[in-house]
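Take a look at the structures listed below.
Both of the next two complexes hold chain A, though its partner changes from chain B to chain C.
Right after this comes the complex of A and B.
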């Protein structure tokens, strides 16, 4: 049975300050005109009435992280022998993310299927994932770009979260989702919230009712495969694409990376940094051949991966959480929904006999 | 927009001789337009021009080299087309330019700030100087001048400087002074403060390179120093040093070429004020070479030419 607590709006900051004694705490605040998940600072205003510019992706999947430090040393007796000392740099400590949205938290479940496979888990990801807790805020307003309901989610979806906070009249109803989340709800600042449950449920129903009309994406995987070789289709939908990485880097479910060694003299570090399939270098092979030479090939991959290849190997789950950031932040106004629907509706021209 | 029908007719006439015409159409909500590639007669109907026609479509031209391309340009966009011609990055005979008198475009960041959080946007009507936005069940009235892009206030070229078809009557540059001169304020800051300013701003850069890819003059495309490993200019660290280094090299490469269209700043999902840097660079170029990029197709950009002695660079006196 989930633990249900209530917190007054005014107590949110003191509560976060309490949590910050034990964990790194991130909450959305403005940096310039961008709303970002930043380390909790009691001096800063926390903004909870709108979705952040950037999902809290960096908290588990840093933009660039040092995997290994390494040092080369020569054997003085035999200078052609080089010894390499390598030291792994595993993340430590625990993190609480406050104010993520259901789509943001759900995004990491797309990572999990890839990074936490039984056979070969990614130890860096695993270390952070295990120790990062999400206190997710259910949405009270819907934007034009929201489409979580197209991808089997909703504005009160607890999937991937540890605590779900539902904004009620004068505060938030806090429902534990995981065991770790339950432990976060022991503060003296919180009161039993059972009596507010009905109110919270009503709010969730209301907001679910106001969301944009849903579309059936059942056929997306096969229909996208059907247009795979139709480059005319992809050239048309990608014509305005600038091939930048804004969509990918702002996406809560895009998890691709690059590995580079940054070496100075005999010392160096191995980095893992974000990479994106919109970049020309993403598939550039050592020979100079690039299997995705144009932006049409690249956008095809982004859409295809999310709505076709990923669901095909992961039990039908679409690797998109419907947050709409790729639409909102695209400098060219590309709408991924439009492309998927176009592929679903695409009817090949009849071949003339 | 007043001349929209005239523009559509003009495109309709020219389309049979062209592979594509690039214009704008309605975007994902009433506050956004999107670039619109017209290939067929029926695509013309969706064309829309107006204050949301923010994108500089000249960015697409180098990538379409070899095709017959029509392009609709605002005055500022036409300067990018001219600069591309000056640098032989596009062929004049392949490009058909449609101009119209532009009365300014909006700055989406300003709208977002003015509205606050509204949720869903239902409609937007612009009548003379007032913008009425229906959002979150309420009507918000804004003065157009409150949400126009800064570049529009100092705009000297509201009409396309180069065009094959111009619709409507040419207008004179507006004498609006609102918007302020951010460059002057920036220049008045002491040097350590200026550096601290950029360090703070660049900190939130996510290295998506939307600034670079939206820039019509950034033509290295798939061969950018930002990602090159050999030579190894930048590391892949998430450090202000590397991010700032890229912006500086970017700005240097645009010195005397940048037309201040502001696409770098508009494209930035993190709202980093990148145009400020470009403005500073252009000011220096103007002082040194009395040159403004993208106004004369016949002119040679100063950094593409060589003189034994520059008038304003007194090498011998150094």
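Right after this comes the complex of A and C.
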């Protein structure tokens, strides 16, 4: 049985201050014009009335992280020889993310299927994932770029979260989703919220009703494959693309990375950094050959991966959480929803006899 | 403790062989004797070889699992990592993450005639399987090898070719693109020479690897010789980083070359979207 607590709006900051004694706490606050998940600072205003510009992706998957430390040293037995020691350090400590949206938290479930496979678990991701808790804020306002309802989610979806916070009139109803989340709800600042449950449920229903009509994407996997060789289709939908990669960096479910080495003197590190499949370098081979030579090929792979390949591999789950950041932040105004719908509706020209 | 898929095993280069002006072969052993003793792999599997400070690149293990004194990688100098590897010498330290990927279906090939068609550095993966089969000679039927390069000086493994030519349990054909003084073997492009040799497709499997243009015409030649898609095996290359299906750059549709490959039959390749 989930634990249900209530917190007054004014007590949110003191509660986060309490949590910050034990965990690294991230909450959305403005950095210039960008609303970002930043380390909790009591002096900063926490902004909860809109979705953050960037999802809290880096709390579990840092923009750049060290995989291996290596050091060179002279071999004392043979001075012309360089010895190399390579070590890995796993991330430690626990993190609480406050104010993530259902789409943000659900994005990590797309990562989980790939990063936490039985065969090859990624232990850096694993270490952060199990020690990062999400207090997710249900959405009270829906933007015209939102489409979580198209991808089997809704504005009160607790999937991937540890606590779901539903904004009610004078505060938030806090429902534990996981056992770890339940432990976060023991503060004296919280009161039993059972009596407010009906109110919260009504709010969730109202919001779900206000989101734009859902679309059936069941056919997306096969329809996207059907237009794979139709480069005219892909050239048209990618014509405006600048290959800037904003869509990938802002996406809660984009998980591709690069691995690079850096050295200074006798020390070095191997880094894993976010990569961008919209860049020509992404698949460029040393020979000069590129299997995805144009932006049309690259956009095809990005849309194809999310709405066709990933669902085919992972039991039908679309690797998109419907947050709409790629639409909102695309400098050229490309709308991934339109591309998917266009592929679903595409009818090949009749072959003339 | 779960294995760290990104942390390479440290290894020592035991021997460096200069094969051609741009190909070098490295024979390496893992520094941890336990890891070396327990290392097991199948022909066709690859490894990520690291020069710490420069990076990693993918190479097939081209020594067979039947000869475990060392692991062998042949490296064609093409980019940053391969140039750095070419500067290394015996005693130098590298990192190895291996084995990765699938392998040649060598169990299914038992009892069949085998036709190897290798072009240039594409001979490396074939070498693994060829030596494995020679070490288990009784399991396989007639083995034919066609190995081609631009010229004699572009031909890797030149030091073992005499042995291969001399064996009566291996039908070896060497070819170069254009006449060359002192060359005693065939002259002509691989697909044409293949049609001249005309190995039978009956109860046979053809395994081919080489530059894309050679593969393209070799597949056509094999088709003329009656080889069905299921009888043709090749091994692919893609830019890879993680090697374990996570980093997201080597996929062709739903298939990850690093995990589901690098070895594919032609029949499997036809099922994939066209993005080689």
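Assume the second predicted complex is superposed on the first by the 344 of 353 C-alpha atoms of A that agree within 3 Å, B and C clash if a C-alpha of one lies under 4 Å from a C-alpha of the other, contacts with A are read in each partner's own complex, and residues count from 1 in each chain.
Keep in mind that, in the parts below, a contact is a pair of C-beta atoms (placed from the backbone, for glycine too) under 8 Å apart; a residue touches a chain by one contact, two chains touch by 3 or more.
If you're wondering where the values come from, they're calculated on a predicted model, not measured in any experiment.
In this superposed model built on chain A, chain B and chain C occupy separate space and fit side by side.
Within the superposed three-chain model, A:97 lies out of touch with both chain B and chain C [touch as defined at top].
Looking at the shared chain after the overlay, A:229 reaches chain C, while chain B stays out of its contact range. When the two structures are aligned on the shared chain, A:273 is found in touch with chain B, with no touch to chain C.
In the superposition on chain A, contact is made by A:297 with chain C only, not with chain B. When the two structures are aligned on the shared chain, A:78 is found in touch with chain C, with no touch to chain B. Once chain A of one complex is fitted onto chain A of the other, the partner contacts of A:260 extend to both chain B and chain C.
Superposition on chain A leaves chain B and chain C with their closest Cα atoms 7 Å from each other.
Judged by the document's definition of touching, chain A residues 258, 260 lie at the interface with chain B and also at the interface with chain C. Of all the residues in chain A, the ones that touch chain B in their complex are 31-34, 36, 49-50, 53-54, 62-64, 141-145, 212, 236, 239-240, 242-246, 248-250, 258, 260, 262, 271, 273-274, 276, 279-281, 327-329, 331-335. The part of chain C that touches chain A in the complex is made up of residues 2-8, 10, 52-57, 78-80, 82, 91-93, 95, 212, 237-239, 241-242, 244-254, 273-276. Remark: chain A residues 67-68, 70, 72, 78, 81-86, 88, 114-115, 117, 119-124, 126, 225, 228-229, 255-261, 263, 268, 270, 272, 275, 277, 282-287, 289, 291-292, 297, 301, 304-305, 308-309, 312-313 touch chain C in the complex.
The part of chain B that touches chain A in the complex is made up of residues 20, 27-29, 32-37, 39, 55, 59-60, 109, 112-113, 117-121, 136, 201, 203-204, 206-210, 212-214, 221-222, 227, 229, 235-238, 263, 266-267, 269-273.
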